[in-house]
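Each of the two complexes below includes chain A, the first together with chain B, the second together with chain C.
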Partner chain A sequence: MKYVLKRLGLLLVTMILVSFLTFLAFQLVSGDPAVTMLGTDATAAQLQTLRHELGLDLPFLTRYFRWLGGFFTGNLGVSYSYRQPVWNLVSSKLTISLCLSLMSFVLIAVISIPAGIFSYSRTGGPLSWLRTVFNQLCMAVPPFFTGILFSWCFGILLKIFTPGDFPGFDSDFAESMRHIFFGAVCLAIPRIAMTIRMLRSTVVSEMNKAYVRTAISRGNDRRSVLMRHVLKNSMLSVVSFLGQTLAELVGAGIVVEQVLGIPGLGRFLVASISHRDYPVVQTIVVILAFWVVLAGTAADLINQAIDPRLRQGSRS
Partner chain B sequence: MKKRILAVSLALVMIVMLFTGCGSNGTQTAAPSPSPEEEAPSAAPEKSERASGNEVSIGIAQDFDSLDPDHMTAAGTKEVLFNVFEGLVKPTAAGDIVPAVASSVEKSEDGLQYTFTLREGVKFHNGETVTADDVVYSIERRWNGEDTAAQLPALGVIESVEAGDNSVTITLTEPSNEFLASIMTAYILPKDYADQETSPCGTGPYKFVSREVQDNLVLERFADYWGEPGHLDKVTFRILENAEGLVLGLQSGALDLVAHMTTDQTMQLDEKEFTIAEGSMNLVQALYLNNAEKPFDDVRVRQALCYAVDKQAVIDLAFDGYGTPLGTSMFPSFSKYYDDSLTDYYQQDLAKAKELLAEAGYPDGFDMTITVPSNYTPHVNTATVLVELLREVGINVTVQPVDWGTWLQDVYTDRKFQSTITGLTSDNMTARKLLDRFASTAHNNFTNYSNEEYDEIFAQAIAATDDAEQVGLYKQLEKNLTENAANVYLQDMADLVAVRNGLQGLTFYPLYVLDVSALSWAA
Partner chain C sequence: MKKKINPYLLAGLIITGFMLLVTIIGVFWTPYVPTAMKYGKFQMPSAAHIFGTDNFGRDIFSRVLKGTATTFSIALLTVSIGAVAGTLIGAVTGYFGGFIDDVLMRLNDALTAFPSFLLALLIVSLVGPGKKYSVVLALGIVFIPSFARVMRTEFASLRGRNFVTQARLMGARNGRILLVHLLPNTIRVLLPALTIGFNNAVLAEASMSFLGIGVTPPDASLGYMLSEAQGMLASGPWYAIFTGLTIVLLVFGVGLIGEGLQAQNRGVD
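After this line comes the complex of A and B, so read on.
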């Protein structure tokens, strides 16, 4: 219970801090939403009136606290460029981005853990250098490149999906999911490679520890030691790493969303920043902050389940 | 939590479906190189070619802003919603202004009164008939409505708008030759219709169906259109801001038409599938100089820059040869006002450029900064070429890319810059729109150009009631800009449009619009 409260507090503080910093950043860079809204023909008088209507002429802190007050009462404001309530615009993008990140995450978790163990147990085989090269390659390949490659290969040659024609969940669920699946794979490839490498090196260093030697000298075979003791200990860092990965994925999706034409949060965020559409930017940034804290909490909880010592640590 | 479990399990189901449904292809996760023996999956073969039915899908590189015609500011939004809205009069591809919602226009002797007779039975997309009240409402909203954002400064000459019996009379404070052109974008809307932002409603040949922000916008043919109806039943605009995404969309069959492409993009397309149409963007791309900023406050320095820059070299190097060189703030499609003799006023002459620089006190050149909006690749590429061209005369150029919001604020509004590259357009068909910003007191004179002679001629030009006289005066203004080297004029950029073979009727306007009502599929 105490833990939950602590986490909730952390969540709240993070979100407020992040939203404040974003607000501050916009205060510091130049760019005026009134100018973007009225375009290049507007007169100074028109700009002034609009700034007043939007409350942009108020002091910085007043504007921030107004926004914060609105946020806590469920009023996220109205987008400057679209002139529609922010939540209506953001909610459908949120679902899509969540699907993309979660699918990518599941791929990473499901593929990299068994593959990492496999990779350890086959260390030193004749083709081990080939595996290393392949792993390095996967780690280095940027998602936008795989995005183009996949669109070309699976979209244009094999026609499994139609790049540039994301239909939306309501009109064609399967086709939308195919888009998202390929996007998720692009995102997952470098991270799978990283996770495998990381798991493998952790296992290697664990296997050299004294408790392993003791266990083996007591008659256990290497395999059962690996599965029963070493893996559990190695998992701690992997879980933290995966937690971080999960947090990153929402933001990392931007490029893949652009290449594959998936209308997600990332693209929306980039467009809104260049239009100085503060209400939209603030909302998306807070959602991302929420997501990051959530992912961290999940990783924490899982690690505590694996290693009871961590649980005691948090109680004291 | 439930949602997450649901999403995760859905994701798993999908993976399984994909792997089983796609046979051998499913296992290729990295660096796929499909061998031709592999069977192509049977999934969705009907989607491989163009969308079935009488439809077209058009790719665009940036999202629309507000859909309310009086709030939209993005050129890309106006370009598309041109199909949904009409004013009392509208432009044609040939550059004429013809009656639209009005069936005829009468101008009084003194040029102060315009009487528009409304066309019989023009319907809004919501089924209602256009009345004189609707017209008065629409014009007033643009002219001096409560909504400041909607006000159009160009309509400042209006004194009053009155509804008559099936007609509307507009009285002006002073005669204005350009009044009809400026009323063109005062679109006619149903009176007190509150949903223009989310569900725009006008009288054009296509009506709005739906819009998903940062994703798509769908239009449908309006069956009750008063004029010649569109050919296509449905037109979908898809937003794909990534250059590769647009090309992939064309190649995959998701898109049938994409305008404003670069040669890098068009070269990736198969000639058997696509035709590249070449129009012009109708804009004046130039290295715009802040005339109030040292050293550009000296006309000799500005002229030296003009002598140093070879326009054709810019077009060849940054645009693969596509583009029309310009010598002043006017482009060829405004043929009435365009003076071709100004284009070669400054021939590249490095010796002369150096001489002028020496005279101005910069025998060893100087350092300058070009601020470019980084989201416009053509302008960024142009800047890169200019760096090299200006180095020849000893000018050391730094290119400073900034994002669009910063550009609007620092360069355009606050005029805190030394030089910039952009393209200036006119959204109604008047020369005035291109030339008024160089009057020294103009609110949008971001280059701080200040020339007494120019101000005098400009005042005469806008007061002129005789068309020929006015055209002559505008040409003098153009010459003034060239002679005083207000800016380093470069070109009217080419508009490369990829069109799927079989799709016909693409028409280029002297304005930045995409008329979908003329498009149709060859039988």
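After this line comes the complex of A and C, so read on.
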């Protein structure tokens, strides 16, 4: 329990640090939002009024805490290009991106863990080189290329879904889920290959340890040692790896959303970067960074539940 | 070093060597002028145009050659920046430890809270999108932390070894120990890291150009060409397929080299 609290405290500190750095960076680069919104030919009085309205005449730290509080109250400022509150624009897209990342994550976890164990138990077979090569090939396929192939094959030829025409969950749930499913598969393919490879090498190095030799010398067969002892010990690195994968899915999702026309956070981020819509960009950046930090914390907490040694705080 | 060369390594070297050859040829010679729009729109792949032509009637094979050269050179430059700076930081922090180590590693931790791709996007948007050097700069910076981390672990573990103490007893200075005694020993970790970094760079550059934030015309990169090709899927799917397969082949070859290097390291240990 103490460990959990400590970890959550660290999480909070990291989140504040990350949001502060982001806010600071965007304050430095974004210039005067009032000028951006009104254009260069606005009068000084107009600028002054708008600055007051947006709260830009307040001290820096006050503005930062106001903005940070906005993550709880939903008041995150106003988008330059849409003239709407940032939160209204971002929230629906956040749901879509979350769906995409989580579905892809589930695919990765459900497929790669059994496949990794299976792949280990068949090591050294005549076709083992073929598996390694196939694995490398899967890792080499960029998700956006898979996305293009999917939209050609399933979209244009087979007409299972219409790429680029995302209806939204409210109007056509099934069609939306098809979009998200294909996106999730694109994201998952290279990462399933990576996870299988990683799990395999962890199991291999774990099987060479002394406790395995002892267990086998006492008459246990390899299979039961693998299932009962080695897997549990290998899970630690798998959980860390999957936590990292969950974090990376967010970044990788940006491109896949663009390819399949899924209106998620990533796609909105790219559009906002090209419009220099800084309030939106900074909010999305912080949301994504929070997501990364949360994924890491979740992985740590799960590991700590699996392995009591970690609770002592010392790393072996 | 009399041992059998790993088959993965060999296959990877052959594929990558082939891609490198194609890249070098692409810099000096292409079968057609890549930007000329006069070869007939949407020609299927044929003997004259082995990858076909696009909507403007440009020869896709010539464009892929040019694009591979751009992508290859950007990835190479990026990895060089990341590896050199990362090794330098890793050497200093791992070997000396202390205050600099603490500060740089905390900074490293904070940086990893941002997805690296996102960080690269932001740096490009700040430096100025659409220029070749800003992509190289952004990706180079983004790759420093991972190299620094790997190299730091390696330098820190080598620091306490006997041969280092011996060298110090013989009066070698820190600079000499780092350069002559430690650096060659880190190669076996650095090389696989380089292959992974190269592949990440290829994929990241392609993704960014695909989003229209990386390389923009007249410089063609494979990623930008894929985004072009996406619009022509219905009438000329071969454009996307050949361009994408080129990326896959490039990454696949270097990935095999990495696989082979790691297998050889395992054999040595």
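The rule is short, and it goes like this: the second predicted complex is superposed on the first by the 242 of 316 C-alpha atoms of A that agree within 3 Å, B and C clash if a C-alpha of one lies under 4 Å from a C-alpha of the other, contacts with A are read in each partner's own complex, and residues count from 1 in each chain.
Throughout what follows, a residue touches a chain if its C-beta (ideal position, glycine included) is under 8 Å from a C-beta of that chain, and two chains touch if they have at least 3 such contacts.
Here the structure is a predicted model, which is why all the values come from computation and not from measurement.
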{"item": "Touching partner for A:Met103 - first (chain B), second (chain C), both, neither", "value": "first"}
{"item": "Which of chain B and chain C A:Leu50 touches, first, second, both or neither", "value": "first"}
{"item": "Which of chain B and chain C A:Val29 touches, first, second, both or neither", "value": "both"}
{"item": "Touching partner for A:Leu21 - first (chain B), second (chain C), both, neither", "value": "second"}
{"item": "Chain B versus chain C as contact partner of A:Val250, first or second or both or neither", "value": "second"}
{"item": "Touched partner set for A:Ser128, first chain B, second chain C, both or neither", "value": "neither"}
{"item": "Residue contacts with chain A in the superposition, chain B compared against chain C", "value": "B"}
{"item": "Chain B versus chain C as contact partner of A:Leu149, first or second or both or neither", "value": "both"}
{"item": "First, second, both or neither for A:Val292, with chain B first and chain C second", "value": "second"}
{"item": "Partner chain(s) touched by A:Ser274 [first = chain B, second = chain C, both, neither]", "value": "both"}
{"item": "Common ground on chain A, meaning residues reached by chain C in one complex and by chain B in the other", "value": "29, 137, 141, 144, 148-149, 151-152, 156, 258-259, 273-274, 276"}
{"item": "Chain C residues within the chain A interface of the complex", "value": "7-8, 11, 110, 112-118, 121-122, 125-126, 129, 199, 203, 206-207, 210-213, 223, 226, 229-230, 233-234, 237, 240-241, 244, 247-249, 251-252, 255-256, 259"}
{"item": "Parts of chain A lying in touch with chain B, wherever the complex brings them together", "value": "29-32, 35-44, 46-47, 49-50, 53, 81-84, 89, 92-93, 98-99, 102-103, 106-107, 134, 137-138, 141, 144, 146, 148-166, 168, 174-175, 177-178, 180-181, 184-185, 189, 258-261, 263, 267-268, 271, 273-276"}
{"item": "Residues of chain A that touch chain C when the two form their complex", "value": "14, 17-18, 21, 25, 29, 129, 132-133, 136-137, 139-142, 144-145, 148-149, 151-152, 156, 247-248, 250-252, 254-255, 258-259, 269-270, 273-274, 276, 281, 285, 288-289, 292-293"}
{"item": "Chain B - residues contacting chain A, complex", "value": "4, 7-8, 10-12, 14-15, 17-18, 22, 25, 29-32, 34, 40-41, 43-45, 47-48, 57, 59, 62-63, 65-66, 68, 71, 73-74, 148-149, 151-153, 197-198, 212-215, 238-242, 244-246, 248-255, 375, 403-406, 408-410, 412-414, 443-444"}
